[in-house]
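So, here come the structures, one by one.
Across the two complexes that follow, chain A remains constant while its partner is chain B and subsequently chain C.
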Partner chain A sequence: MSIIKYKTLKDVPKEEFLVPGTPLCAGCGALQVMRLFHKALGGDVVWVNAAGCVTLMATFPYTPLKSSWFYIAMPSAPAGAQGIRDALDILIKKGKLDPTENLKVVVVTGDGAASDIGLQATSGAIHRGLDFFYLCVDNEAYGNTGFQASSSSPMGSGTATTKPTHLYPAGNVLPKKDLFEIWRSHRPPYVATISPSHVIDMLRKVEKSLSFKGPKLFLALSPCPTGWGAETSESVKLAKLAVETGIWPLKEAVYGEVTHTYIPSKRKPVEDYLKVQRRFAHLFKPVKNESIIAEIQKQVDEYWSKVEH
Partner chain B sequence: MSKECDKSGEGDGMVLKMLTGSQAVAWAARLARVDYIPAYPITPQTEIIEILSEWVRKGEMDAMFVQMESEHSLLTAAGTAAATGARVFTATSSQGLLYGFEMLYNIAGWRAPLVLVNVARALAAPITLEPDHNDVLAARDSGFLQFHTENVQEALDLVLLAYRVAEDHRVLLPAIVNIDGFHLSYTRESVDLPEQSAVDEFLPEYKPVNPIRASAPVAKGTPVLIPPLYSFFKYQMHMASRNALNVFMDAAKEFERLFSRTYAPVEEYMLDDADTVIVMSNSFTSIGKQAVNAMREEGHKVGLLKIRLFRPFPTDDIIKSLRGKRCVVVIDQNISVGKGGITCPEIAEALYHLEDRPKVILPVIAGLGGKSISLEEFKHAVRVANRLASLRAGPDGPLLLFREDEAVLVESLLKLASGGQ
Partner chain C sequence: MERGHIFNPSYVLVTTPSLLFDMTVKPLEGMAEDSVLFVNSPKEVSIEQLKKIRVIYGDLTGLALKYVGKDILSAAMGAVACKLSGLISLQSTLGAVEEELAELGLETDIIEKNVQLAKECYLSTESVGLRGLNHKPLHKVVEVRYLGEKGIPDLLSVGNTALRKTGSWRVFKPIVDKNLCTACSICYIYCPEACISLDERGYPVINYDHCKGCLVCTTECPRNAIRVERETAWS
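Now for the complex of A and B:
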């Protein structure tokens, strides 16, 4: 386990593993999360990726990573991690590979790969107790293909396949799938939610997870300027609003036991978060859709009512 | 695992065993000292993974066995493990191969030289159990090398040869070894089990190219968004696959030296003076050879050509064997619906530009879903081909073999299904 204690932003490691110059969008929340996440992980990492926005990070012949990268396929990045982890283990065990060549195996996918097409492979890898990290960068839709709805898209959001119409004034009518709980139900050593706005919380969680062998799973809110419809400079601010409104709870579960790592003392109204994003604009214009906004607020309040007492 | 009949050979350390096809390929994986076996059960492949898991659990094999949650994940893990530097063996069948299909192209594109045994089983729907080759031939264009086996000994030997060819740095492509479900997988034959020391000599340790290591970071599987780059990498794979022809010939020579068994990309059976040649592959070839014997006894100059190496396609061997023949009868145990057999057009293309090409190349569909091929059907196909040759005519479509007794059976079952109407 790392001896670094993260207390203030001054404690963020200076070493960069993800250098500037990627083809990802300006203001990409996923990029911010990966950069910080990698700092806490340290070196000797192989990233294992499923199809999504971050796939474009390493496009032949370039890579912005100082660590290794393996793009697999959309449904099976965790299985790709299994093959790499197992191969390293057996080669080291058989004396064919020097233990200094060992790597941390880290899956990074979007929410579509995590919650939809790759859920089976993820469940399999967690069930087998695979010693790996999974970082899901959740921008709440299929961003790379033009922001179509995923099962991680929140109710009330507009996406390219859930456009608000007079028949569907809410936009997306389906609830956001609770991936944290799906992961947690497997009772892995470590599951956490993180946000690019709460850097110390993130780094501490990564540091803590390093002491566990087995699946270490992270769900990161990843603001998406193009899909969410916000300025590129607003990403961290949006992520912070998601936490302060209680929409994105920061928590962890160690072998299934949940602890909230940050409880907003007074939650801001969800409206503050919704009204600054184009994907929720139909809830405010041409007329304010009070009932849907109230429903979103109610769901958040209900969640926290179970946390607080 | 079922009991084996051990019988030591005479003097040369040879061991004869009665093995099923499943046992034989499991032995091949063991003798190849594979590092990693990701698995997922499907009939008729299961005996292979049951045996291997037991050997690993008993410590008889120094390998890691992992049961995955699907064939898609199984193929993914197999590919990334091979790219990380492990020698990987796995097996699947039919629907399983198709379920993981996109990974076949990925594994080949990663240039990850693992060996996959496909236990052939016809594809749903209708769902069934017995073999034809639509499953393995669906993988025809993926970049996997393909070895098709007729008997249990060949199944064992070709797994060893497949590793040697696949891992050669002039090739670096994965390989499928096909064994027919039931007909090979569950059929016990006498097998010469190679000595471990000889296999070790034949099969040196796998040396991966640019594996994933802490000391030398790599980026694998990255998108290439410039079309000429994509074409370049696909051509590289194609040329590597063509290299596999010579690499296979060299490996086969070494194999013959060590094990006294000879393997070429194709096998000729009574071909020298034949005017009509039946072209076949896999386990039904044994039935074809019996038919050739019977037709020979009746005075017909019939021979048989077995395709053993299907990818890379052994064009030169096929030309050598079939040029100057009067009729070629290509029996495809598969069907490309709306066209016909999958291999026949490949044979025809190989022969087209020859002055002395056969007068008739007759496409025949037989053995779908494990339907047997009777002597009478072989004779019929040969008669049809020769009649067309006499008439200087070509076939107007593939010959779909179906016997009268089968038609009666099917009719009675259709009647039953429709409530006797």
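Now for the complex of A and C:
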């Protein structure tokens, strides 16, 4: 199947489903992802949101969405999605809801709910083959509560709970959990990574996923000016750097078969990405920590050595 | 330090005058006639409610940009609060700024800049002494008001955050230079807030009522056609 709907930036749908005025931080990467993601999904959507930064987007009595919104506790967003999907299916079957009013059920959570607190419910929903979308906006920590480390925080990053100390000069010593592979191991119809910097790539992936019934899962890098310690104006630039350095590979997996949708022709050194963020500042000041930077570069190189051949 | 709900404040410090107009924030609620309001604004604000209470103005954003180079206000606002009370000395105030910022792990020169900022704010603010001692008893019930079309607590509302003018967040304002713009639509696509729309010829139009001033558009514009100015309209 060839996807030809989105070729250039002129093809980005003009209709907005998210209006301005949210209380989210200026330059929020998650909001940027959601806005573009929603454009590709269309308006007939019910979002199921696990507690996180994105929850603040729709603070009662206000909502920026022109679509529906269901707020649920951190561990249980995919379970909530199951309930809504079942209700819609039953209402349609009984003739109480016109099939034209059917909705796409879309879970949106941060990386904390996706990788830690809600992983069990997600695994269950994928296992049951629930027909839903999952968008994880990954800012690599618990941003809403003050940027504490999650299992999605990368090795070498400083967070509120992994501050660099003389015992742990790297800050966070644990590796970033590979959620893409965890999701993929369930062999769902569609899994993809997306970045707000690569818009056509994102829209094409959403478009492609629409043809599948069952779980369709998206992992989106979401630059966080507040937590990452960068200017609000740098959000898109950081996302672009994450892709160009190879730290954030753009890929998809259809029933478990992985394809890289974008392979940087010449990868930039990871240092370019790290040195512009406060969360990695301890790797450069007061003295440059060559060994940790080299370790991060090595992990990226090892990843791509399996892809580029 | 005691934290929590303050129902009858002696002093209220407002970081941006736009909060005075916000239906949900209601910063003036509970203020008595002898309480004092400090507003961070380079100029006076005229609204009806401010006529009954004493208002002091100061351009802390301007001072923060001068001393720290960024619109970071915590040290400045803290220093103003200390001075207003008349209870806390300059020395204690600056000591507290230094101590608290050091705890955050900030670099020495940034701390020093904040101390200088706090000092100027302290010295340029008048002390009004202890206030608001004749307050009525505490409210027991927090009233929920139905705000009409300014924000109806209604689960069926859609897209009503548009009623909240987040343009007031802006410290710097992006301005499109029509002569340089090529209508490539990149700023429109990358604006996280959907604050840029395209006119019939494909040129960007910025929604200044809501633009938070993140300046992603300025960074991403391939033609450098979006310049930046310090925002003053809201204050």
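Going forward, the second predicted complex is superposed on the first by the 305 of 309 C-alpha atoms of A that agree within 3 Å, B and C clash if a C-alpha of one lies under 4 Å from a C-alpha of the other, contacts with A are read in each partner's own complex, and residues count from 1 in each chain.
Everything that follows uses one rule, which is that a contact is a pair of C-beta atoms (placed from the backbone, for glycine too) under 8 Å apart; a residue touches a chain by one contact, two chains touch by 3 or more.
Just so you know, these numbers come straight off a predicted model, no measurement behind them.
Student: Report for A:T63: first if it touches chain B alone, second if chain C alone, otherwise both or neither.
Tutor: In the superposition, A:T63 contacts both chain B and chain C.
Student: So, A:L91: does it touch chain B (first), chain C (second), both, or neither?
Tutor: A:L91 contacts chain B only, not chain C.
Student: With the two complexes superposed on chain A, say which partner A:L18 touches: chain B (first), chain C (second), both, or neither.
Tutor: The second partner, chain C, only.
Student: With the two complexes superposed on chain A, say which partner A:T245 touches: chain B (first), chain C (second), both, or neither.
Tutor: neither
Student: Considering only touches as defined above, state whether A:G29 meets chain B (first), chain C (second), both or neither.
Tutor: A:G29 sits against chain C, while chain B stays out of touch.
Student: Check the residue A:N172 against both partner chains and state whether it touches chain B (first), chain C (second), both, or neither.
Tutor: neither
Student: Where on chain A do chain B and chain C both make contact?
Tutor: Comparing the two interfaces on chain A, one with chain B and one with chain C, the shared residues are 58, 60, 63, 65-67.
Student: Contact residues on chain A for chain C in the complex?
Tutor: 9-10, 12, 14, 16, 18-23, 26-29, 31-32, 35-36, 58, 60-67, 163, 196, 199, 225, 231-237
Student: Once bound in the complex, which stretches of chain B touch chain A?
Tutor: Listed in rising order, the residues are 35-36, 38, 62-64, 66, 68-70, 72-74, 76-86, 88, 102-103, 106, 205, 212-215, 217-225, 229.
Student: Going by the contact rule set out above, which residues of chain C touch chain A in the complex?
Tutor: 105, 147, 151-154, 157-166, 169, 184-186, 189-195, 198, 207, 209-216, 218-220
Student: Show which residues of chain A lie in contact with chain B when the two form their complex.
Tutor: Residues of chain A touching chain B: 43-44, 46, 48, 55-56, 58-60, 63, 65-73, 75-76, 78-84, 86-91, 94, 96-97, 100-103, 120-121, 123-124, 127-128.
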